[in-house]
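The block underneath contains the structure these notes are about, expressed in structure tokens.
Each chain carries a letter (A, B, C and D) given by its place in the written order, and its residues are counted from 1.
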Amino acid sequence: MAIVLGPNQYGKAENRVVRIVRDTPRHEIHDLNVSTALRGDFTAAHIDGDQSQVLPTDTQKNTAFAFAKRHGVASPEDYALALARRLLEAAPAATGATVRVEQYAWDRIRVGGPGQARDHDHAFVRRGGEVRTTEVDLSAEAAHVVSGLTDLVVLKSTGSEFKGFLRDEYTTLPEADDRILATSLTARWRYFDRGRVDWNAAYDDVRALLLATFATTYSRALQETLYAMGRTVLEAHEEIAEISFTAPNRHHFLVDLAPFGLDNPGEVFIAADRPYGLIEATVQREEGA
Amino acid sequence: MAIVLGPNQYGKAENRVVRIVRDTPRHEIHDLNVSTALRGDFTAAHIDGDQSQVLPTDTQKNTAFAFAKRHGVASPEDYALALARRLLEAAPAATGATVRVEQYAWDRIRVGGPGQARDHDHAFVRRGGEVRTTEVDLSAEAAHVVSGLTDLVVLKSTGSEFKGFLRDEYTTLPEADDRILATSLTARWRYFDRGRVDWNAAYDDVRALLLATFATTYSRALQETLYAMGRTVLEAHEEIAEISFTAPNRHHFLVDLAPFGLDNPGEVFIAADRPYGLIEATVQREEGA
Amino acid sequence: MAIVLGPNQYGKAENRVVRIVRDTPRHEIHDLNVSTALRGDFTAAHIDGDQSQVLPTDTQKNTAFAFAKRHGVASPEDYALALARRLLEAAPAATGATVRVEQYAWDRIRVGGPGQARDHDHAFVRRGGEVRTTEVDLSAEAAHVVSGLTDLVVLKSTGSEFKGFLRDEYTTLPEADDRILATSLTARWRYFDRGRVDWNAAYDDVRALLLATFATTYSRALQETLYAMGRTVLEAHEEIAEISFTAPNRHHFLVDLAPFGLDNPGEVFIAADRPYGLIEATVQREEGA
Amino acid sequence: MAIVLGPNQYGKAENRVVRIVRDTPRHEIHDLNVSTALRGDFTAAHIDGDQSQVLPTDTQKNTAFAFAKRHGVASPEDYALALARRLLEAAPAATGATVRVEQYAWDRIRVGGPGQARDHDHAFVRRGGEVRTTEVDLSAEAAHVVSGLTDLVVLKSTGSEFKGFLRDEYTTLPEADDRILATSLTARWRYFDRGRVDWNAAYDDVRALLLATFATTYSRALQETLYAMGRTVLEAHEEIAEISFTAPNRHHFLVDLAPFGLDNPGEVFIAADRPYGLIEATVQREEGA
């Protein structure tokens, strides 16, 4: 069996693109981490050291910054699609381009005394919390847009149980009627490749649905909660084909205070680091894969 | 010169204490990272391996969790003071106790449809952004409380210059009339050891003052901005003796788009990682050290 | 289109299993980070909250620790295969089990004076450098073993060029005749599912081949270097079906010292953090996928 | 009480300086992370925004890179001293300069077949493990050199106990006759400010002494082990005034395998993340402070 080149791609990762919109005195900020990649027939570069079909990763970087000006960043998805199209055109040997974007949110700083409080025009504080993401995969055949968020840390202090599970000789876990349920959620949803989407509005609504469903669903397992979250999103957003979750179960163990003469009815916990449960699930439409 | 034991301390670091207040259906959450340390005459432990005066770090951990129940967490400062007092009492050889607390903020999840939106009773989303801190240092002589925050990431997209600086043969930096000013701020302020403080109200107000001063001060250098922030805090809070800042200057470099036929009047930047300027300053009262 | 559950799996991630072999006074240490996952028909758990087919992640954790004793850790691959078999048996609804292991290397501490230097029996220093990995995927049909390493940081101070590349209107990169080539290599190689492999010997030899090929191959691009490394491994190891690389190009930029009256013929560099080139490639046998 | 500027300093942190010595075909690599800071009378910069005495952090960065060429990096200490001297001269308002250096070690890659194995001339693999450090503090009065290492991870699988400790009402820890002792050591030793030191030889020897003492000292507490390590270093190195340790006690908890019908005589442990004991101690000469 001969030895050959298999799947491959290359690009520039983690371009920290910051775009200030200053057309008016009320500035806006788009704070992005942009990664690009090209795939295709780059056999000559791998086997013969021939770079003639290789658009350098440095050029990909330049394009990412230039497009923040030329095309702007109305949404991460719009920007990523435009950038992917350009890269695919610029590299004839490429059959596909991937652009991944993380966007960090900023709030305006609040200034002014009582009765005069207002948002500042050009001073911002980084919001923290979850990061908005998108990944665009463009080829001659399709334009896949998979948007999402990561590091959305949520917790319920009650309304969660875990019992009736399978037991074997290595099972020591007691059943739990009332426990803390917490996770640092990563969600990624794929849009159908058709028509226009209001990317920013869709993002805001999906995020709100995920949070509200997490809050209001009684949980018999993290799996059930994730499925409910996915179902809610698909029911409300027909432009979304499927949604996937990666959810580390951030265990909060009840601390035994009995040795100190104290009861502990769900009040004092230790938040554990490792190991953690890791639950992954996709919710999709029956013919949606 | 004989070889002897010098300064030493020991304790349990990073106890992840989570306290749920569930006295009513509307729960509250206090999410802490607690580190304790004792110092004093522990020579026998170091030189003779004699532990008879050593209160184990495991016991310090137990006490940190027990006090989340027994004393509660009205504020990180209150909790830390109580815990420090207890540890000092429990270890007769100790002459001082230090308790450091980081507190992570959570918001209630928003649920309910239009016109019915409300905050959920027991479902939370971690806020992200800055972390509130306190460090209590307790001895027979004094109770120092140094509170603060860390990772408060702020940015101004204009209203910042840097010029007129000293030049030598290694200076290549051009003067800047209009640049981005950004930092991930750490601030620590020491309270006078007298009377009562409303720790939570003080924290909220100092945070707001820091943000507003950053936003509204025209900056001729990060140093000037920090001093203005410190001055504002000391002017408004007579219970605070001094305030210190550690402020990495998170450089945002203007990208040269001229090779691509594009101008760039303060619109497209690359956010750099390393190296970074690092500015440290204390603002204090004349006799306040 | 109905909404349904798609692909899913669950398990316990990052069990920090440390196994001391102390059958003789000369101890050995196996320091592992173990993650397990089960996949299969877990629809009831997701949709109905029915856990009766769910072997808890806590049980998976217990099994991981118990097997470190019961089965031992002759190699990460052996241990992972045994653990995967057990988990698959214990969960009838599961159709597949995945076990991932990271192994951290330790060296014996060197003791004894001149002429008496020897390795200590039970004192160790962690080696640092790359981490050995394996991922076993077990189902009724196959047992895939994909072993590898991550964070193997290598650098050549000469013998690397990059020129003759494709140029477009966004290209500003000059050609480089002599540059630093550096990467933090992740490699993963899949063994054919047949017969016995001496996992430890294979690992040691693949690692040595990767390093030597990196060192001795003149590089016209990181792509060419990776391909050469993969080819060398496949030529020497017929038990390996394919090998994949993820290689961030850790840029080292030559610093312009001319303003200070100094030349810089490849002597002083700044090691950059972000962005970085990211090169990914698989080398395989023609019918080996 | 008037509000005034207190202690302050500013500089450029984490300059990633890589110096290749290529005077012969057998290259050498010095891989550094360099941070500089100046302190002194910079009141005008803070209060009036007057930069005329401020040597920009950008200039400090340039100087760090230029000195890697002009002065070279015979040792981190030599380089840091030269750089500190230069910065102090260049900034008349400065009364002190601090230069901190981390150095990452690289090994030559081993190439050549059996009987021909040799170290490559210009291909390297990063060693991992501990990082060598130095901090030089220079003023008109003194030149303090504090060298050290960080992240030296060591472990003893026996020869460690912890018992006879102080107990109170919050103590639940059982006594331990035989436990794992592990830490990620940070050590910093201060040289007397007199005469010449062979910095590289001193570093190598101190590192070896720390390791050997850790290995061969029966431990009744981490405190005792640290003191023994410090004492050994001071006894062997009269050029060293004092040595300080920061040592997180990396707990390895014995796993209870009894529920599974297995005994566990010190064989299977879980390595815990948080909380961890944190032991800090200085060993010094009686008049050495």
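Here, contacts are C-beta pairs under 8 Å (C-beta built on N, C-alpha and C of every residue); 3 or more make two chains touch, one makes a residue touch a chain.
The shown structure was predicted, so the numbers you read here are calculated from the model rather than taken from an experiment.
Trainee: Farthest from chain D by Cα centre, which chain is it? Let me know.
Mentor: A
Trainee: If you tally the C-beta contacts for B-C and for B-D, which one comes out higher?
Mentor: Comparing B-C with B-D, the pair joined by more C-beta contacts is B-D.
Trainee: Per the centroid of Cα atoms for each chain, what is the distance between chain B and chain C, given in Å?
Mentor: Measuring from centre to centre gives 37 Å for this pair.
Trainee: Quick one: report the Å distance separating chain A from chain B, using the average Cα coordinate of each chain.
Mentor: The mean C-alpha positions of chain A and chain B differ by 28 Å.
Trainee: As a quick test, compute the distance in whole Å between the mean CA positions of chain B and chain D.
Mentor: Centre separation, chain B to chain D: 24 Å.
Trainee: Multi-chain contacts only, two chains or more: what residues does chain D have there?
Mentor: As it turns out, chain D has residues touching two or more other chains at 15-16, 62, 66, 170, 172, 259-260, 273-274.
Trainee: Which of the residues in chain D come into contact with chain A in the complex?
Mentor: Those residues of chain D that touch chain A are 169-170, 172, 259-260, 273-274.
Trainee: Can you list the chain A residues touching chain B in their complex?
Mentor: 15-22, 27, 29, 31, 62, 65-66, 68-70, 106, 109-112, 120, 122-130, 151-159, 180, 208, 211-212, 214-216, 252, 255, 257, 259-260, 262, 264-273
Trainee: Could you list, by residue number, the parts of chain B that touch chain D in their complex?
Mentor: The touching residues are 1-16, 35, 37, 42, 45-59, 61-63, 66, 90-91, 162-168, 170-173, 219-221, 223-224, 226-227, 230-231, 234-235, 242, 244, 248-249, 274-289.
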